[in-house]
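Next, two complexes with subunit A in common: one pairs it with subunit B, the other with subunit C.
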Partner chain A sequence: MIAEDQPLIPEDAPRGAGATPGAAGVVAWREIRDNWLSGRGLALMLAYTLTLSLTTYLTATNQALTFLEQREALGLALRVAVTVGGLLVILWCADAVSGERERGTLESLLLTPTSRRSIVIGKGVSALTLWFAAYLLAIPYLWVLGRGVSRLGDVLVGGLVVGTLLALFLAGVGLLVSMWSASQRASLGLSLFLLLALHAPAMMPPAALRGWSGTLMRRLDPFTGGFPYLDQVVLTGHPIGQDAGMLTGAVVAAIALPALAVLFAARLTLLPGSRA
Partner chain B sequence: MHAITARGLRKTYGRTVAVDSLDLDVEQGTVLGFLGPNGAGKTSAIRILSTVLEPDAGTFSVGGIPHTDPVRIRRRVGVLPESAGYPSSETGEEWLVYHAQLFGSPRREALSTAKRLLGEVGLPERGSSPIRTMSRGMRQRLGIARALVNNPDVVFLDEPTLGLDPAGQRQVLQLVTTIARERGVTVVLSTHLLAEVEQVCDRVLILNHGRLVSDGTVAEVASLAVGVPDRVLLNVAADQQQEALQLLLDNGIDAASASEGRLGEAFLTLTEDPP
Partner chain C sequence: MSRSSWGRTAVLAGMALAAAVLVFWGLLATPVEAAPAAAGAPPVAIRMDRASVQASVGQRFELVSTIENQSGATLRGLIAHIDVVGTDPARYVDPEDWCTARTVFLDDLSGGSSADPRWEMQAVDSGPLLVWVTVSRPDGHAVAVGAPVHLDVGQHLQVNVGGVLPVVVGVPAAVLAGLALVTRWRRSPRPKV
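Moving on to the complex of A and B:
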């Protein structure tokens, strides 16, 4: 069984001094492969596609039920794509570290000379592929719903911009929660709660967001700024640059939260009492 | 040069002291046994020395590298963690390649290292099987292969035989002996089984409540333990209890008694006075 006539360890095994360069890419590639080949990513995409198909079918065919005009139907499908894409990202990130901790595989990762930041960056990057895949899948649906709508290209670019900003923000939130959670269940629960809490102001009627408090909310909350921006592009046909100021909060959040996650990743460690 | 040196290591979790004033000097090439009951501080000590945990106090070096340079220490150590988890959907080869790459090997080299190590731990034909199809013993050997992907100077094995059947235990212990002999690496083997220590280790440390209770060869440690005012409990597998008692008797320790613990555990109690 065990060969005794040859050295156990190759003499040319790698040695070095600092953290492994390019480790974030190694982690990201492995996570991407794991996401898509293990079937979890595909299963989530299937559920997402069914949701999108149902929404598109109902809004495109059942005018009596939905009372939606074409642009409103397009806007609804775009919201579904952006929201569900963001949901997938936050769920994946919430599992990224706490899942490893719960499965007992985090310790093996921490024992490598890879910097903690590279591990977290790699996992975040892999989660973002879910958003891009989700948006790619949404494009045919948006094209069907938006046939004949002027500035459809702006709508598609606007959706990509807003969705990417929100996905970055949610990746940061999910990773931060995951790093401090001992269990997968806790991090998934807290992430979902935060997603709903952050999403709630965006669902308020426009009248509730008037005055200085409404303006502040639009500036600070990436959802409250992002979705009305999409409405301006989709419903009123504004060019994508016209209302870009509404995305200030989303841009700041998309930079700040991932940056915080990477900053705190340096302190990533085993939690007392955790399996690993 | 000492492979491991530690002075005054201390680690607490709230009010619980996991490691208390631990001093260590381990010669290069030694197979050192960390012996002690559950909660003795073995895992915490290994996690500190492998830089996964930061000590609250104290200093240490591994392979001459001070604790202030944890990344360089990680390049020099290989660890099989206690209750290590494995990604069930990956194959053993994929998992080893991934870890070799994290240590800086290009993919082709990583693949070659993975194949070689799989052969050397006795799993050449299981490299392309998903890890979920492997037995616990196979997983532990895979874990040992993972601990070797970086050609370490010091290997920490935390309870490597836990939960294995006797055949699995024998295979793992044989592997430990081979690692130590072939490469002259320093091996730190954490266990609560006296028989394993006797079979594999050159030197034994007994930890209890985070403190170093005894240090020496198996015979020396047993002799010293008798002189310690407090009782020393050695958690021994029930089916090896008689064997362990006999070993102590053969080494002149007649102040040992066997007792049943809860959950089917068995203990050997070393006391000052004969039972």
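Moving on to the complex of A and C:
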């Protein structure tokens, strides 16, 4: 949300649908500052760390009772860290445009001398800072669960790579949904539904993903490709480069969805469906 | 025994110990070669990528076998199968628990070519075990057997519960402190420029 008393962009700056790096950077900086200094980003981080604390504690204490191995405990915590980090990004992006629209601040935002694409890029970059902050906070949990596990560095790098790809993809999904939603509630609901629908195949047992349909799902769904890749790094101890091919779908989705969001940002209007 | 013969004995004992260590390490490091094929068994050599595996309970690992056609003719319909047995009579071992996909139907193997089936394993209990791969024909009367891989599964790694607590409590507390600071800063009166 941008609600400051000073002008967002200098009055003589060019306006239009296209994005300029300077304008997008200014929007991103204002959004990031607002997100973190308003306390909303930190409130989300508090919820995130509480979730990780609960998961880590249960995982660590249950190991004494069950045969959950240390690598499996680490893998479980990493999945939670990446999934909840992605959830924060998609929720933030789902609110980015539809929230402004519902609060009645989108009109003044569109009247600022900056392009629509710059606004959308700035909001996307701001949402991605949530993921990076979340992963930074997850590192102590992963370290404490993974002490003594070989290749812990690979696990941390693998988590960062997969999480960043998923965060980019989810930022694109959230922004697209937000641009086309009339209300914040519809945008949040649809984004959450999409997140769950995309996440569901990754929860299936490997046997269910055999055959051509399973292969297609692994190639297309970034979650279904990303999480088994993490399993290979964490559980089997493979180096991060060995199974990089499994991330093809995630890389394509991480480029395509944000690019689509920026492309359609030029058509951003006060009401979805109306002419700009 | 004279002092010189004691010295010779000590040198010999040292050499024997060194040889034993070398043989032991060699056993660990070199891939396992195939045992001679039984009469009527498929003419294949079965090699494993490792001679031994050290693992902890719950750990997943992968074994790679190489099945080489040692005849000049193409072999069709070969079936590779992996088996696990515990050498400790007190331990019950169900191979299905250790490897969920234990059978691989191989593609046609032309003379001199080889196939490399991979076996995803998970150690479900501690103790000494043997793992080996067999190759058979659908209508065969004998089975080719590879040399076993020695599996030594130790107690499973556990997370130190006490070590987890400072992180579990400390990280949210630090974020909460940051949130309180930001809230206080926002509420404090700031001079207008």
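A few comments on the model shown:
The working rule: the second predicted complex is superposed on the first by the 246 of 276 C-alpha atoms of A that agree within 3 Å, B and C clash if a C-alpha of one lies under 4 Å from a C-alpha of the other, contacts with A are read in each partner's own complex, and residues count from 1 in each chain.
One rule holds for everything that comes next: a residue touches a chain if its C-beta (ideal position, glycine included) is under 8 Å from a C-beta of that chain, and two chains touch if they have at least 3 such contacts.
What you see is a predicted model, and the numbers here were worked out from it, not measured in a lab.
Of the two partner chains placed around the shared chain by superposition, neither subunit B nor subunit C is touched by A:211. When both complexes are overlaid on chain A, the residue A:38 reaches subunit B and subunit C alike. In the superposition on chain A, A:60 contacts subunit C only, with no contact to subunit B. Once the two complexes are laid over each other on the shared chain, residue contacts for A:49 go to subunit C alone; subunit B is not touched.
Contact with subunit B, but none with subunit C, is seen for A:270 once the two complexes are overlaid on the shared chain.
Applying the stated contact rule after C-alpha superposition, one finds that A:30 touches subunit B and leaves subunit C untouched. Once both structures are placed on chain A, subunit A residues 37-38 are touched by subunit B and, in the other complex, by subunit C.
Put simply, subunit B touches subunit A in their complex at residues 13-14, 47, 50, 52-54, 71-72, 74-75, 77, 79, 81, 83-87, 89-90, 98-105, 109, 112-113, 116-117, 119-122, 146, 148-152, 171, 174-175, 178-179, 182-183, 185. For subunit A in complex with subunit C, the touching residues are 36-39, 42-43, 45-46, 49-50, 52-53, 56-57, 59-61, 63-64, 67-73, 137, 140-141, 143-145, 147-149, 207, 235-237. Listing the residues of subunit C that touch subunit A in their complex gives 56-62, 100, 124, 156-161, 163-165, 167-172, 175-176, 178-179, 182-183, 185-186.
Per the touch definition, subunit A reaches subunit B in the complex via residues 1-4, 6-21, 23, 26-27, 30, 34, 37-38, 103-105, 107-115, 269-270, 272-273, 275-276.
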